[in-house]
Each structure stands twice: as structure tokens, then as C-alpha cells.
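Some structures to go through are shown next.
Look at the two complexes coming up: chain A is in both, with chain B in one and chain C in the other.
Now for the complex of A and B:
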């Protein structure tokens, strides 16, 4: 990093950089079609990246500040906005936390419905992410296939919740409404077809020698660094750490289901791009198990009192979202609104790895490394 | 609607929880590692709660580095999941809570240790140049780097020893109050 010359008049946060003739500075984003709503300030020496500085915040919406002014129920629709494709999973820790705070039990059937909805959402998110990864690497079939196949699960979620992406389906105490009458059959059929489809991705994408040449041994994150940097989700598991919140700290009914953790040892971009795909296959297994064990009838929601208040307490709950552990820290001060709500999300936690992975890489490898982090700019900014 | 208006007199959560009462019902495993830390720093560490899988220690800001070093070296907690700043205008303090977790030890994979400390708060903040400062834990837990940058811009807590106290999410020329302070009002509410 260039030397910083502080001056007294400068507002905190601004800095002046010395210019080096040899080093060229490139701004990737925030309008770049690939970077998403984020800028990466890349310094290159010839073709090699010597420094990368992620600059998120272009879609910062102050979700945490907004949550302090809204009560526990009206917080639901806006808290899922950071990642609309994975809206169930981003709401999950909040809903679990509020249940702890106000102390209500969730009906058994609602727990299973939640798990199914969360796994469907995980697949919807990963498919979207995978489609962009495909087009990043110039593989336009891999853009079309996941973008088309995720419609299967979007349709299912639309049948359940009435909305295609922003479901606002989870509420403290259960889910908002019951699944439709023939849901089990339709869901099973869609899941089986979906699984058959995504297995084909192996042939066209993951065993593709061009993909392997571009992603293998690029952006290698060692196991020690993955732990030290506190990465999470697919990034962590691609570096050989066996950690999945669904297994390690099961919430709702995950302890009654057989969940397999996909761990790869290589730690390169290829492994990081493969783990989410394996997770989708695992999600299909989980959904089938949940459909089988789900009580066929029963309550799906314990009604809360109007305007529920938490005690003088705090709670930290976490779940496994599509991008890693999503944590929600709620400080309650006997008010209908949270005193402080903090979302600790996978994208934000994995971002710290980006400068490490890019240093020493060729500029052409940047998209393959950056998007393999399973990064969602809007979620990181909140 | 203002969240800063308190209808009831402000209560201090620290005084509400009597430590003896907490430890009677505390789960054994969680109590064992909390005791290990608390015994080492008898006067400087206050055990706020020991719940199942979740524990919280309140540490004075002068001792936070020592406690973090001890946790890093003697317990399996190896990364910070989240760093949350909480504004307490009534107590003229800003709390910072580090949620620590463990990837390396399967026995600790459920545990989240909240390590909390407090910085003094000034009515008219001047981020970086006022007394609202805390030592950075980046040397012990590297993963706090971006989280501490976020706390700095959102609450104005300057982390001494952090190499990169620049803005992260806010615009570089943000000149208003740190937005997560309670006296920063949401427009239109």
C-alpha cells in the first residue's frame, strides 16, 4: 500500500497516495458487469496484481439502523433485502433470535417447512451465483442452464409464499402460511428433476478442461489462512475445514436430518466453485428427507402477541446461508423495537480474503478468483 | 419515533445480573472455559452470562488486549465472527462486542464467546480525534480487520493499532454523525 500523507484538514477516511510510475491503478467497478455493486482498486505491475483493495458500500442501505426504528414484525420484509435470492436464509437467524427473545415455541410442522424453504432458497441463490460465475468465465451455457433451472424452485417458492423472490415467509413463531395441498408431490417431483439437471453441470462445467485450466491453482487459500481470516461457508470448506452450522450447531430440525458436509482440500478457485454445487446436491437430499419426515398436518404458526417485546437481554443466533454462516445479534431493551441489530453475514466475512487471494495473480484471473468467493455485494453492504 | 427516549429510567444490564445466580445454573462445559479466563483476570473480567453455547465477558478497555491474547493462546477460539458496536448514550459509553468462535476444535464448534468492552462516548464526536478509542484486536484475531473498520465509521470508535482505519461502507467524505449512534435520526421518522 502506498504511503499515506495525513493532513490536519482532511476528513477522516480520505487519504493521499504517492504515485509510482511502474505501478498502474485500475478501478474495477462499481459499474463493471461482473464486480457487482462493488469497486476493487487493483494495482498492477505489468500483468500481475500487486495490491487489491476492495471498496464495498455502494449499496449500503443502513438495514441495521432501519431495524432500530421498526418493531420485530415490520423488520421482516426489509431485513431480507440484502440478498433477495436467499431471503429465507438471511431472515432465519433473525427469526430464531426473536423467538429466543420473546420465548415462543415453534410447531413441529413449521420447523420442517422452514427447513424446506431454506434449502430451496439456498439452491435458488447458488444457481444465480453459478450462472454469473459461468458468464464470468465466458461459458454462456453455464449462464443459461442455472438461470433456467432455478425457475423450478422459484415456482415452488411462489406456490408456497406467493412471491417469486422476496418471500417474507418466515415469521417469529413459524411461517406465514401453510404450504398448498399437493405441495409434497410437486416438490418431490421438482427436486428430483432439479437434481438430475444439476448433475449434468458436472459434465459441461466442472469437468470442462478449460474451466479447470482457468481456476485450478488460482487464488489458493490455505487451511490456516482460511481459519485465521475467519472465512466462512464454501470458502472455508473448500480449504479443508469441516464446518457447517447446520451440522455443528443444528437449528430447527437439522439435527433430525442426515446432513453431509462437503469439504474439499485444494483451497483454489476450482474447489471454491465446486463446493456450492455439491451443496445443492446435498440440499436435494435434505429436502427429500424433510418431506418424508414432515408431519402431514398441524399448526404452522404460533401467533405472537401484538407488538411483542423482548426482555432486557441479548441474543446471537446463526445459520448456514448460501454464502456461509449468517449471524444475527439482537440487543433488546424491553421495547417493541430491537435496541441494536447486527447482521454478521458471510459475504462481509469472506471479503477480507480477497486481497490475499489476488496478490500475485494475473489480472485475467481476477474474475475467476473474485466470484469464487461466493460474494454478494448487496449482502456485504447491508 | 425515537429510540433514544427512555420511558422507564435507564437500567444497567450489568447490575441486573448477579454473577452468583448465573453460575448456579450455568452449563458445565461453558462454565469451565469461562472460569479459566475469569480466574486469570479476576478483577478485570466480569462474567455477564453463561448460557448454553453462549457466554459473555465484559472487560475493561485497558485489559482487552491481555484478555484477547489469553483467549487466543489458551482456548480454541481462533476467529471473530462479528464485531458489533452498540451505542449507550445514557451511560455515555459505546460498547463493542466481539463474537468469537472456533473452527479448529470440534468440541467448541457450538460455542460463541462474546467479549465485550466499552469506550467513552463524547456528545459531539470527532471520529479518530476524540477520546472514543479502543485498542485493536487485529493482532490476535486477524479476522476483525474489516469489522473494526465498520465499527469505526458507524459509531466513531477509533481502533488504535489498526493499520487501516479508513471508511469501508460509508462515502469517504461522510461528514455527518456516525450513523449508528442513537442521536443520528432516521430521516422522516
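Now for the complex of A and C:
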């Protein structure tokens, strides 16, 4: 693996370069190279990748700037748009931050409901991600199974929040509505079945020698590089770093739950694809614990003033989303709208590892490495 | 584990699923059953009632034309416009009521949270497709109609796996 990327003075596509007959430049994307509106400019020598340059930004929607013109409540539906499959987790840091700014307490039951919804959402996202990883590697069964089993949790989220995706469920002060009657039983039944199902993925996918041959020892990211490049989430944990925001900086009720971090040492594509799967099994454990410890009745939402104002203050909160640490930085200047809002998302921080990992790989391994970074283009562009 | 055992294990795992019922919901014939009658909101407690966020239901005898739903939608989708209604209810002095453009609505339900008079709820109706853009704009008279929704299918989990039935 190369140590440094050569610095470039001009943006990609504009610089004058010496044309080498052996090197061919290939644009992968931006029309959906598998999944995601982003381009990877790959330079190949025969079948081997010499240089790779990711070029994100095609789906930039200015979410952060939009947030400055809307108040703290009407920001909710559009701030979850970057990752519609993981909408609770991307909204979580914003909601925690606004609670700090406005200074309201969250009822105990609402905290547990939030944790359950966030873990369900994490599973929904990882299942979708896994389905695409399967079809990237030509394993069509691995596309069908997660895409179908995902329905179990989408059904649960629909029962809780009333929407299949983009739930708009978390609000500063709690959640918008209580869970329906006998939700605990339905949830436990579906979580148990879901866990049984995803354990079967081990046989057909993760222990499959064909998958291992494709992904083992491709795109190896060492522990030191993972820390130096600032990667996060499953990419960091697959390289042997024990870091999970749920454990290191517990928010809501994660400190009362027994959260186990899954760490693998290899740092290759196989490890990076396996950590999210182990995370899903861990999520099932967390949901079961939360269902057990959740207060059976009680308030679910602290009433907020119609147009809440923050003080002259700034706040940064972060949570563990499906793709790593997701943070939200809010500056408030005694107005109903945030003065500045900045999202720090796992996808963008993991993308920086891509040129390092692709160098020296075969072109055929590119999808396996690219998608193992747990990268969601829309979230990275925000 | 050797390569041969791994492949046999993987094949075996797939073969077992020949006996499992299909999970697919056959949509136009089967339709999912939802919790409750759609998302509602109780302004006295400030907490919603769980339900599907589908097409809105407007209760003409409660609506006062206060425009709070329209103001709540301003920052989200700008889907709600206040229009004149011919029949003048006692509580609605201005005789204006919300008209919702489902080409813009994102079904977040913040308008329902904003209504302090129990006048705007959401219903289980989600089949809103139309051949024209004008067909997506629902007038107050159309929003008043209670939707007839067929709900027969729900998720069943038994020894033969999960299915819709």
C-alpha cells in the first residue's frame, strides 16, 4: 500500500498530465456505479488499479444551509433525508443537540423507545447495504434475503411511526407518539425471528469459500492507517480498533444497556463486510434488553413551546449511526432557527480511505472494496 | 473448514428454503393491515397516536381556519394552501380551509401536530396516484371523505417462516 497520495493543484479532471500509453483512465459513474451517484476516476494498468480518485458531490442538496432558514421543529423532516433508510440515527444527534440548547428533559420511557427505534433503523440500513454488497459480488441470493428480511423491521417501524422510511419520529423532548398496544410482544417475536434469519447468512454468505476468495486480503487497511485517516464505524472496528460511540460516550440509555462492540483484526474487505452483520446481531440483543427494561407506562414527550429558542450557545452531539459516528454541530443565537448547523457523517469520513485501498487492487475487486467502506453517497454529499 | 464443505454448507442453506413459504406480499390482491385509523394527535397532552401517515382527513365541523397547519408546512413542503369554502360553519369565520397538494406533501404529519382543534388527522389511505397533477390536489371537500381501505393481510411468523396472510 502506498503511503501518500500525490498532491494535486487542480481539481480532478482539469489537471494536465503526462499521458502514458500503458495507463488508461476510466470513469466509474456518476450514473450509479452499482449504487450511488458518485464517480470514481480510476487509472488502470492492464487489470491493476494504479490510482483512484473518488469524486463525490453529485447529490449535494444543501441540507445544512436549508436548516438555517427553518425552525427547530420543521428541520426534522428534511434533516433525515440524507439517509432515508437510517433516518432515526441521522436525526438523533440533531435532536440531542436541540435538547441541550433548549434545556429540556426527556422522559425515561421515550429514551428507551428512541433506542429501540434507532436499533431497528440500524438493522434496516445494514440489511439494505448488505443486499447491495451481495449483488455487487454476484451473489443474487444475498440480495433477495436481506431485502426480504428487512421488511420485518420496516413493518415494525411502520407500526411505531406510521411511515416505512423517513419516519420523522424523533423530536426534541422525546418521540412523537407512543408505541401501539402489544408492541412489545410483536417486536420481540419479529426480532427473534430476524435474528434466526440473519444467523443463516453465515452459512450462505460469510462462510462461503467463494466470497472469502473474493474479499479476503483485498483492500487491507491497517490499524494505524485506519486511525490516521480518521475512519469511523465498521471500517474502524474491522481494522482492530475498539471504538463505538454507544460505549465510549453513551447517550440516552445506552449506559444502562449491555452493548458489546464487535472488533475484527484483519482490516480487509471481508472483515469490513462482516462487522455490520455482527452489529445487527448485537442490535437484536440491545432491542431485547431495552424491551425488558423499558418502563411499561409513562410520559413519552416533554411538551415544548410552539417555537422553541436556543440560548446564545453552541453544541456538538454525536451518536453511532449505521455507518459510524454521526455528529451534529449547532450554533444558536437566541433565534427560533439555528444560526449554523453542520453534520458530520460517517460516510464522508470513510470515503477518504478509498484511494489508499484501491491502489494495487484488480479492477474486478473494486466493487468489493468500494462498498465495504459502508459508504452512502447521499449522506456524504448532504 | 475446507472449500468443499463450505460450498456444500452454502448450497444446503439455500436448498432448505425450498420448503419455506414465499415472503412476498402480492400487493394489489393483498393489502397490509395497519395499526389504528391513521396518525392522530392530541393537542391537550401533546402526544400523537400511532397510525399510518397516509392521506389527511379534515373535519369541517372542527376547522376554524386558523392556518396553523399551513404555517407548519411552510418550512417542510409548502403543500398546504388555504382556500375559500362556500359553506360557512359557525366556528370558521373566515371560511377558509386547507387544500393539500399531494405532489408536494412528504407525509411527515407536522400539520397534524400543529392543529389545536382536532380538525386534521391522517388516514390509512395511501393509494393517491393520479394521471394529472391537478388530480393530486385535494380540496377540503375531498379531504372530508373517509377513505374506504381494504386491509386483510398481516405478517405471520410460524415454523415455516414469515409470510403475509
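The working rule: the second predicted complex is superposed on the first by the 361 of 382 C-alpha atoms of A that agree within 3 Å, B and C clash if a C-alpha of one lies under 4 Å from a C-alpha of the other, contacts with A are read in each partner's own complex, and residues count from 1 in each chain.
Throughout what follows, contacts are C-beta pairs under 8 Å (C-beta built on N, C-alpha and C of every residue); 3 or more make two chains touch, one makes a residue touch a chain.
These figures come from a predicted structure and were not determined experimentally.
In the superposition on chain A, A:209 contacts chain C only, with no contact to chain B. In the superposition on chain A, contact is made by A:381 with chain B only, not with chain C.
Shared-chain residue A:342: touches chain B; no touch with chain C. Of the two partner chains placed by superposition, only chain B is touched by A:236; chain C is not. By the document's definition of touching, of the two partners only chain C reaches A:168; chain B does not.
Contacts of A:351 after superposition on the shared chain: chain B is touched, whereas chain C is not. Chain A uses residues 69 to touch chain B in one structure and chain C in the other. Of all the residues in chain A, the ones that touch chain C in their complex are 69-71, 73-78, 141, 148-149, 151-152, 155, 158-163, 166, 168, 176-180, 189-190, 193, 200, 203-205, 207-210, 212, 299-301, 303-304. Looking at the complex, you find that chain A touches chain B at residues 1, 11-15, 56-57, 60, 62, 64-66, 68-69, 227-232, 236, 241, 243, 248-249, 312, 314-316, 318, 325, 327, 329, 331, 333-335, 337, 339-340, 342, 344, 348-349, 351-352, 381-382. Taken in their complex, chain B has these residues touching chain A: 1, 3, 8, 11, 13, 16, 53-54, 56, 78-82, 84, 86-87, 97, 99, 103-104, 106, 109-110, 112, 114, 127-129, 141-147, 150, 153-154, 164-175, 179-180, 184, 186, 189. Across the complex, chain C meets chain A through its residues 1, 3, 6-7, 9-10, 12-14, 23-24, 32, 34-36, 38-39, 41, 46-53, 72, 74-77, 106-110, 113, 122, 155, 157, 162.
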